[in-house]
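The two complexes that follow have chain A in common; it is paired with chain B in the first and with chain C in the second.
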Partner chain A sequence: MAIDHHPPTINDPKRFFKDNVKQAVQIIKPSTGLLIAWIGLFVFILLWGSTPGKAQQPTPGGITDDQVNAIARQMYCPVCENTPLDVCPTQACAQWRELIREKLAAGWSEDQIKTYFVEQYGERVLATPPARGLNSLVYLVPPVAILAGVYVLYRALRSGKRPAQTAAPTPDKTETVPDEYMMRMEEELRKRN
Partner chain B sequence: MIANFGYGSIIITFVSALYGIFAAVYGVRRKAPAWVDSGRNAMLLTWPLLTITALSIIFLLVTGHYEISYVASVTSNSMPLFLRITALWGGQAGSLVFWSWLMSAFASAVTLRKWDRDREFLPWVIVVALVTLAFFLILVLFVENPFDRLWLTAGGDVRTALFQPAGTTLYTPADGQGLNPLLRHPGMIIHPPMLYLGFVSFVIPYAFAMAALITGRTDDRWIRITRRWTLVAWLFLSLGLLLGGRWAYDVLGWGGYWGWDPVEIAAFMPWLTGTAFLHSVMIQEKRGLFKQWNMVLVILTYDLVIFGTFLTRSGVLSSVHAFAQSAIGPLFFTFIGLTFVISLSLLMNRWNELKGEGAMTSVFSREALFLLNNFLFIGILVVCFWGVIFPLVSEALGIVGQKIPALAGVFTGQKVTVGPPYYKRATGPLFAGLLFLMGIAPLSAWRHSTFKTLGRAAWKPTIASLIVPVAVFAGGVHSWPALLGFWLAAFVTFVTLYEFWRAAYARHRQHGESLPEALWRLAGRNRRRYGGYIIHLGVVLMAIGIIGMEMFQTQTQATLTQGEQLSLGRYSITYDSLSNFDYPDGRNVSRAVVSVFRDGKYLGQLYPRRDFYYESQQNMTIPGVRSSWEDDLYVLLVDWQPISSQSATFKIYHNPLVNWLWLGGFVFILGTLVAAWPDKDPQPATEKASRLAAQARA
Partner chain C sequence: MNQETSPAALNPPASRPAWGRLAAWIGLFILLIIVAVALLQSQQGPVAIGKPAPDFTLKMFDDQTIQLASLKGKVVLVNFWASWCKPCEQEAADLETAWRYYQPRGDVAFIGIAWTDTEPASLAYIDKFDITYPNGPDLGTRISQVYRTTGVPETYIIDRGGNLAYKKFSPFLSLAEIKAAIDPLLEP
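Right, the complex of A and B next:
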């Protein structure tokens, strides 16, 4: 397959050109046929590189789909509820991904791009809200609730043990009742006598 | 005509439900069994009546009566017959009818089966079931009427009403909008009924619990009666969740099985409390503890079921405004609020009668571990519930901020998304904790386990199971959460299989049975226990799949010209061709052919495609998947040059171990069937007696 001979990236066209010419010059002696093949291949690569979108090949800005998706995966567009941007099939989301690609090509960092989208469309574009202000509640409530649960659990396990300890005096109580009764009876009898 | 017939039938159902409630309550208060019987008859009448309604809707759907608003919104000329029938639950109005129909069927089955045995409970079971049913019928009658017709006004507007508004003529569109393409998948056709069956059958244990609270029969009777109902409800709910996951994997085209979408979570929440309930009732049966807690769990499950139905059926959670626009939102919340408050007040009323019969004696006893299990399930519930409602809370507080300027700085009210990262981070450790408990709990004993006895039972499987993470580590996996996950999976498997072995071996020695026979008889004698263990094994298999997906899934995307290759790990695909054609059911299919290679070796072709539905103008991305026990190669067609199709964009996912998830699902369901399988002889009454005897001895 011709494709396997292609260099994986063309990040620096000048150097790429030089390397290929060097190679071509080295090969020129054994066979002019090979030289023609190399030139043909070279022209093909150049043409091929100029058409948009190639396997693992960078687009004009040198940005791969994977780089775009790495950011898009962490975002949601406001229209497509609950579908992450990297897999959303709508046209609008495709345009957003294109925007990410342009920003990446312009040298923006991941954080800058996210901030840009937040400024444009609000915090809902992020997969999780930033832990600021009221939004910190989203991260605070579950741990607090779970800690409260731990406390309840602790109480439940302890109180479970306690009745076992307090259970012991109960029989005494039942014995004291007749005692009181007897004493009152005797008292009454004494009065009568 | 048929529409009026169906509508009339709902009205009669509603009236007979109201009458049934009245007759049952009156009969109990006046101690007049004839009235109770009459209430029961009213309850039994609802099912045939709702069957008429459902059949009317199906008739209208199948015959294409597009003047009916519901028919026009969920069917179209190009839809095949079976999809037209299943469109009954394809939209909100129809699915509310379907829900009511199932509810009525289950409630009727209960009153038919146990009528003579539980005469004191049944009037109240009828009341609870009929109140729930009546609520759904109110929604159908007054808010989401499946029989509403379309009317054309003189001004050319289309209005929706059951009967002809003044100055309008009946409007019959030539074609309907068709069912949402996402719902045209076989998985989606069975998934909603399974989920609904699960939802509906959880009403039965709740109804018995309420009956127990009202009548004051606060012993274990209600739990014994509803044990199998609960298992059946749980079975359907689990099946519904699994099918939903499989459907998402096959159809949604995001490479996963679970997206922490509010609708998914809505179905998951009653499952969480239901699972906690299934475990904690065992403590009540064996030890007489946690009676109050079981009531709380069953009440929570019921209200989460209603909440779940509400969430899955209406998009109201997307925004406070959507909530306010539809009458359904406030009605649902009122109903949930009322039932919750009433149930809790009934519980408070009997609080002291529901005190535990004994006491927890050891932190390492099985009951304590079950308590911990409940704690973890509720922890996951809290995380889920909070994640689902937080966007709404934040938006609502924003409105407060707008009204009160002083608070505007704090309550900014920006709508937010609470997505998968939140849920994964928060629930991951809790799930791991549950796995650990699954391993350790079978080794503990009721009452008297100590750290020492538990340690003695646990050290062997602990050591033995360490082989697995060591082997995985040697295999090149160095992520510690994954190693921990694999160790837990191995630990549970070892313990569970050991439990089977120990018991089967004992039978083998005692009764001289062969080992397979001993195993068979063992499971037959204590179905709930060994069914439960099979379920645990299913969960372990699922956990392996989930670990594979969550921790080792990789992906890449690129645009390929024909003949070009894209690699991901050991796999590569070559783009061969793309064809585009119309399909008679109203879609345009763009289907790519890609060749798959692994380590350079040709494995075959895959056909990822994109279906475009003309009626709804919606796209569906159907992946091409190559499955093996090791992994799935999951190829999506993202984009292509429409005319020349010389180049196309593909996204490939490598999903390691994902098929263990589906296998685990099968084992899980099998285990539930074993546990729920009817016994030959009626429930032995000896269990409680033996427990009381044990307490008397203690």
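Right, the complex of A and C next:
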């Protein structure tokens, strides 16, 4: 079968334009629809994101979720280990957040609420344990270990330099005063001679 | 040759801070001991059957206090629960029925301990299941820590001598199951 490699000739430019534009529109049509859909989705997301969500709305007590979460994120419940209270999805944590809201509505300060939670559930509810008793090791050991590491590194680097200096000592031409050892050595040699 | 002329004698090495090294080693040793003790404690299992049940004092929701040691001579059922715990709800009614069954005898005591629960929710739970035996919050999670509980519900039954006789780490499924755990301990 012969293949025509020649480009189509344009005998009737008007018709050629009409046919090709029609074809082009048919090709573009689906992608335009897709584009409109994407734009629509983008606008929807923008509008949805810009409107204040439920989380930002104050509750009847006048306390917002942000206020509650500001305290909740400093605590962990013993039920869900390693999950901060502000993002913990369990019912126990929801009850705790509700309790924080109630305390805030009652005029309690952040410190009062944290103290209450420690009394009720122990110090392990706090994200940052107080520097008391064995807990103080958490704050003491890392800096001490880092300082000790720096010291050990410093000593290692110094001792690494020393053999190189003793193996190939460079005579100091500017040194004019002989040291005591050399003087005594020369004296000994003189005595022997 | 005169010994005084030796280089070592003329140029003695700088004295090492021996006390610093010693302190570092002692510090490291103490730290390792602390870590080892903490690891051993965390790996301890629950209180063993036959061993003395750890004593505790519970401040109840009605502000009265109850001490386990004061109940020696009685069979004591200690139940850890929480209002947010669905399996706890499963056994709540049976526990209350069992309590009402044993209460007239006078030699059985029930204690409920609300673990990591909020007081309003706990009181609502007690009200919902019409629980009448002494109940209180595990303040500071101190009681659950000495019993090394792993969650809720957990039930410990202590014999007349104050030793742990029975433990269950899941809800009771029936009143008969609770009676089967208590009755053998009431036999003379």
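In this section, the second predicted complex is superposed on the first by the 110 of 193 C-alpha atoms of A that agree within 3 Å, B and C clash if a C-alpha of one lies under 4 Å from a C-alpha of the other, contacts with A are read in each partner's own complex, and residues count from 1 in each chain.
Operating definition for what follows: a residue touches a chain if its C-beta (ideal position, glycine included) is under 8 Å from a C-beta of that chain, and two chains touch if they have at least 3 such contacts.
In this text the structure is predicted, and so the values were computed from the model without any measurement.
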{"item": "Partner chain(s) touched by A:Glu188 [first = chain B, second = chain C, both, neither]", "value": "second"}
{"item": "Chain B versus chain C as contact partner of A:Asp66, first or second or both or neither", "value": "first"}
{"item": "Touched partner set for A:Val141, first chain B, second chain C, both or neither", "value": "both"}
{"item": "Superposed model, chain A: greater residue contact from chain B or chain C", "value": "B"}
{"item": "Partner chain(s) touched by A:Glu119 [first = chain B, second = chain C, both, neither]", "value": "second"}
{"item": "Partner chain in contact with A:Cys77 - chain B first, chain C second, else both or neither", "value": "second"}
{"item": "Contacts of A:Gln95 with chain B and chain C, given as first, second, both or neither", "value": "second"}
{"item": "Touching both chain B and chain C, residues of chain A", "value": "90, 122, 124, 134, 137, 141"}
{"item": "Residue ranges of chain A in contact with chain C within the complex", "value": "77-79, 90-92, 95-96, 98-99, 118-122, 124, 134, 137, 141, 144, 148, 180-181, 184-185, 188"}
{"item": "Contact footprint of chain B on chain A as seen in their complex", "value": "1, 3-4, 48, 51-57, 64-66, 69, 74, 76, 81-84, 87, 89-90, 94, 122-129, 133-135, 137-139, 141-142, 145-146, 149-150, 153, 156-157, 160-164, 167"}
{"item": "Touching residues (chain side chain B, partner chain A) in the complex", "value": "253-255, 259, 261-263, 289, 315, 318, 356, 359-361, 363, 368, 371-372, 375, 378-379, 382-383, 386-387, 390-391, 393-394, 397, 410-412, 414-422, 426, 555-561, 563-567, 610, 619, 621, 636, 638-639, 647, 649, 651"}
{"item": "Partner chain A, residues of chain C touching it in the complex", "value": "1, 5, 7, 10-11, 24, 27, 31, 34, 82-84, 116-118, 120-121, 137, 139-142, 145, 151"}
